[in-house]
C-alpha cells in the first residue's frame, strides 16, 4: 500500500516565539524537511529613511537608535561618520576613542543577546539567555553612566560625542574588563562543549564562502563562512588602525561556527576596549560646530562594522539643514539573503536555529 | 467482614478507613452497612491520593519555578503569599476565569475530550505506587505493566489534541509526540526488565520489599536508561520536541486556552512527580529508610529525583526529532539489551543472590556501564567534539568575577 | 568522553543556583541610577527661561508647546518673555535630550524619575503648572556644572533655579 503524501505549508510568523520580531516565513514542508522558504518582511516598517529627510542632521541621530535597537551605538556611529564625511568635519581624538569604546561595548552586548537567543531557539529554557542578559545589564549600566539611557542611546553627535564620560565611568569600565572574560569563560564552559548543542549546530546550516559573497552578506555571517572581511581592518574608521586585534574567521560556516565566532568577537572586543582605555588622550570631545549643520551639496557613504555586519549610511545633501536622501544599508536585511540557501533541506528545528544564528533585528530589516 | 480481612491487613491505609466507617455505631447498631463502608473507604482513599498528588504537584510547580529562577540568577515567583507560595492558586484562578476560546474548524468532541484523557495517564500511575509502609490504593500483581500501559494514554490525548485543533503546529507536535513515545517505550521497558528479574515480581509493593540494596547500585545502566526514557516520555527538556515553544509555539496544545490548557499543564507537572515516584519505587528502595517515617522517606526521594529532572530541564538545549529517535534506537536500545543480558546472566550464575553476591553484581554492572559509555562515546565522538576557538584567546585577567557579583 | 560537556554545563547551572540572584525587587528597592539618567520628570526653571523656544524647535518630534507674551521688566531688551504655556507631551517623548542640549540658558533639564505612569494619554502631558510646582531633581545630562558638583538626582535634594546655573 502506498500512502498519498503532500507537502504542507506553514505560516511561521509574524506572531511566533522565535522569529526575533515580526518576521514571517512561508515554509513548505515535506514532513519535517523544508522544501521551500519564502521570507516576508515589512511588518515593522517605520519609514526611517523618509523621516530622515525632514529632520535636521542632529535630529536624525535619534532615528538611528531605533534601527537596530540592540546596537544603537553602532548605528549612531555609522550615521555620524557619514555626516562628518559629507561636511568635512574631523572629530577630536578623544571623541574617536570614546566612540570606539562605546561601539565595542555595544558589540559585546549585541553578541550576548545573539548568543542568548540562539540558545533560546535551541530550546534551553532561557537559562543561557538569562546569563547573557545578566552581563548585558552591566554594559547597559555603563551606557547609562555614559549617556543617561540604556537602549536608545543617542550618544554620538556630528563632530564627536555629546559629552565626555563622567569620572566614575573609567573605574567602572576597568572593573567590567576585569570580570567579563571570566563570564565569557562561563558561557563557554556551559555551552561550547555541550554535546546537545554540538549535535544540533555542528555541520547544520552550512553557508559556503562563495554564496555568502554572492549574497553580499557581511559581519559574523560572512566571516563564519571563512571570508576574512572586517571593515575595522579593511577600511578602518575612527581609531581602529591604531588598535591591535584579531579577526576571528570560521572554517566551516555552520551554526556552530557562527556561535564560536560571536564568542571570539566578544573576547576581541574586550581586548580593543582595554587598549582604548589605556591609550585615550585628554582633550575636547566635540568639535565646535553649529547645531544646524549645513553640509555642502554632494553625497557621502560611510560604513561601519556593526555587530550584525556592514552598516552603511548614504547621505545626499542639497545644502540645507536636512539630508536630501538618506539610504541605509542594513546588514540584517542583506544577511537574510542567504536564508533560502542555508535552510532548504533541513528540518523545522534546524530552521529556527539557523535563523537565530544569522542574528537579525527586525528594526533594521524593515527600517 | 471476613472476606476483606487479608486485604485490609496489607493495605493499612484502606483498612483503617474501612474500620473507621464500619465501626461507626449508635448503641451497637451499625450506622453504615459493611458494603457501604467498603465503598466509602475506597472512595476516600482515592480522594485523598488524588488530592495529595495534585497538591504536591501544585507545590512542585512553585518549587520548580523558584529553583529554575535561582538557577537563572533571578528569584522566581515571590509576590503572592509568603515566598510566593500562593502563586499556583493565583495561576489556577486566572486560568479558570479566562475565556475558553474554541477556534473555527476544530473537531469539537476530540478537542474537548483531549485534556481529560491527557490527565488520566499521570493520575492513574499513582494507583499502584506505594507511598509508604502499607499505603497504596491498590497492590496490583501486574503493577509495572499497569504503569507502562497507563503512561501511554497521554499519547492518544496528544494526538487527539493535535488532530482536533485543526492547526498545523498542533499536528506537527502530535506527530512528533507519537513517534517519540513509541520509540522510547522500548528502552523504558527494557530497563525495567532488569529490575523485575532482580525483584522477581511485577508488583511494586513486592519490588520495594525485595530491595535489600537500592537497585540503582545494582542497575546503574538501567537507572540511566530509565531516567532518560521517562524524561522523553514526559516530554521534558531536553526531549520536549512535542511542545518545543521556540519551534511549534506550544505544540499540540497551541489552540487551547483557559482551564483546558491548565489541565494540560497540570498533567505535565504531575508527570515528573509520577516519574520520580516510579524511579523511587523501582531504584531507590521506595519508602524504606531508617529513623524517619516511611511517607517522609518516600517524598524526600521523590523530591531528589524531581530536582535532578528540573536541573536538567533548566540546563540543556533541546534535541532534534531525528536525533531523539537515534538516541532511542541506536544508543539506549542496545544499552538496554546489554543491561538485560548481563543481569539475566548474573542471575543464572547466582540463582538466589545473597547480599554479598548482590554487591558483586552491582560492581560488575557499574564496570559494564562505564565501559559501555566509553565505547559508545568513542563511536560517536567524531561529531561531538568542540572546535578550537576561532581566534587566539587574549590573556586572562585576574580572578574577580566572584567579587563583582 | 560523551557527556562531559553536559556535565560541565550542569555544574555551571548548579553553581549559579547557589549564587545571589542578580535581579532587583523593583517596587521595594530601586535600581541605582546614574546621575545622567534621562528621566521623565522634566525640570524646568521659569526664572531662567526666556521663552526662546529653542527646545521646541530642536525637538525631533515637536512635542514641546510654548506660548509666550512680552512681559516683565526688560521688555525693550526683548529677552524677557512671560510664559503662558510650556507643555511637554511625554507620551510621545523619546527622551533623546536634544531639547536640553539646545537650551542656551540652562532652563530645561532632563528629569531623574521614571514613575510617571498614567492611565490616560492626556494625563501624560506635563503642563506648565506641573512644571512650575514640581520638585526639581534635574538630571546632570549635558549639564557639566551639576556634574562638577557631584550632584545625585536620585534621592538627592531638589535644586532651586539659582543652584543650577553655570
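Just so it is clear, A, B and C label the chains in written order, and each chain counts residues from 1 on its own.
Everything below uses one rule, namely that a residue touches a chain if its C-beta (ideal position, glycine included) is under 8 Å from a C-beta of that chain, and two chains touch if they have at least 3 such contacts.
Computed from a predicted structure; not experimentally measured.
The most distant chain from chain C, with centres taken as the mean of CA atoms, is B. The most centrally placed chain, judged by C-alpha centroids, is A.
By number of C-beta pairs in contact, A-B leads over the other of A-B and A-C. Averaging Cα coordinates per chain places chain B and chain C 54 Å apart. Computed centre separation for the pair chain A/chain B is 43 angstrom, with centres defined by C-alpha atoms.
Spacing of chain A relative to chain C, judged by their CA centroids, is 28 angstrom. In chain C, the positions touching at least two other chains are 2-3, 5-6, 9, 12-13, 16, 22. Across the assembly, chain B contributes residues 71-74, 314-316, 384, 386 that each touch 2 or more other chains. Annotation for chain A: residues 127, 131, 134, 186, 190, 192-198 touch two or more other chains. Chain B meets chain C in the complex at residues 67, 69-75, 78, 311-312, 314-316, 373-374, 376-377, 380-381, 384, 386, 405. On the chain A side of its complex with chain B, the touching residues are 8, 10, 16-18, 32, 119-127, 130-131, 134, 175, 177-179, 181-183, 186, 190, 192-200, 202-203, 246-251, 256-257, 260-261, 263-264, 267-268, 270-271, 347-350, 352.
Within the complex, the chain A residues that touch chain C are 55, 58-59, 61-63, 65, 127, 131, 134, 137, 141, 144-149, 152, 154, 162-163, 166, 186, 189-198, 291. Every residue of chain B that touches chain A in the complex is listed here, in rising order: 68, 71-74, 168-169, 172, 237-238, 240-241, 244-249, 313-323, 383-387, 389-394, 396-401, 403-404. By the touch criterion given at the top, residues 2-6, 8-9, 11-13, 16, 22, 33-38, 58, 60, 94-98, 101-102, 110, 139, 141-142, 144, 147 of chain C touch chain A in their complex.
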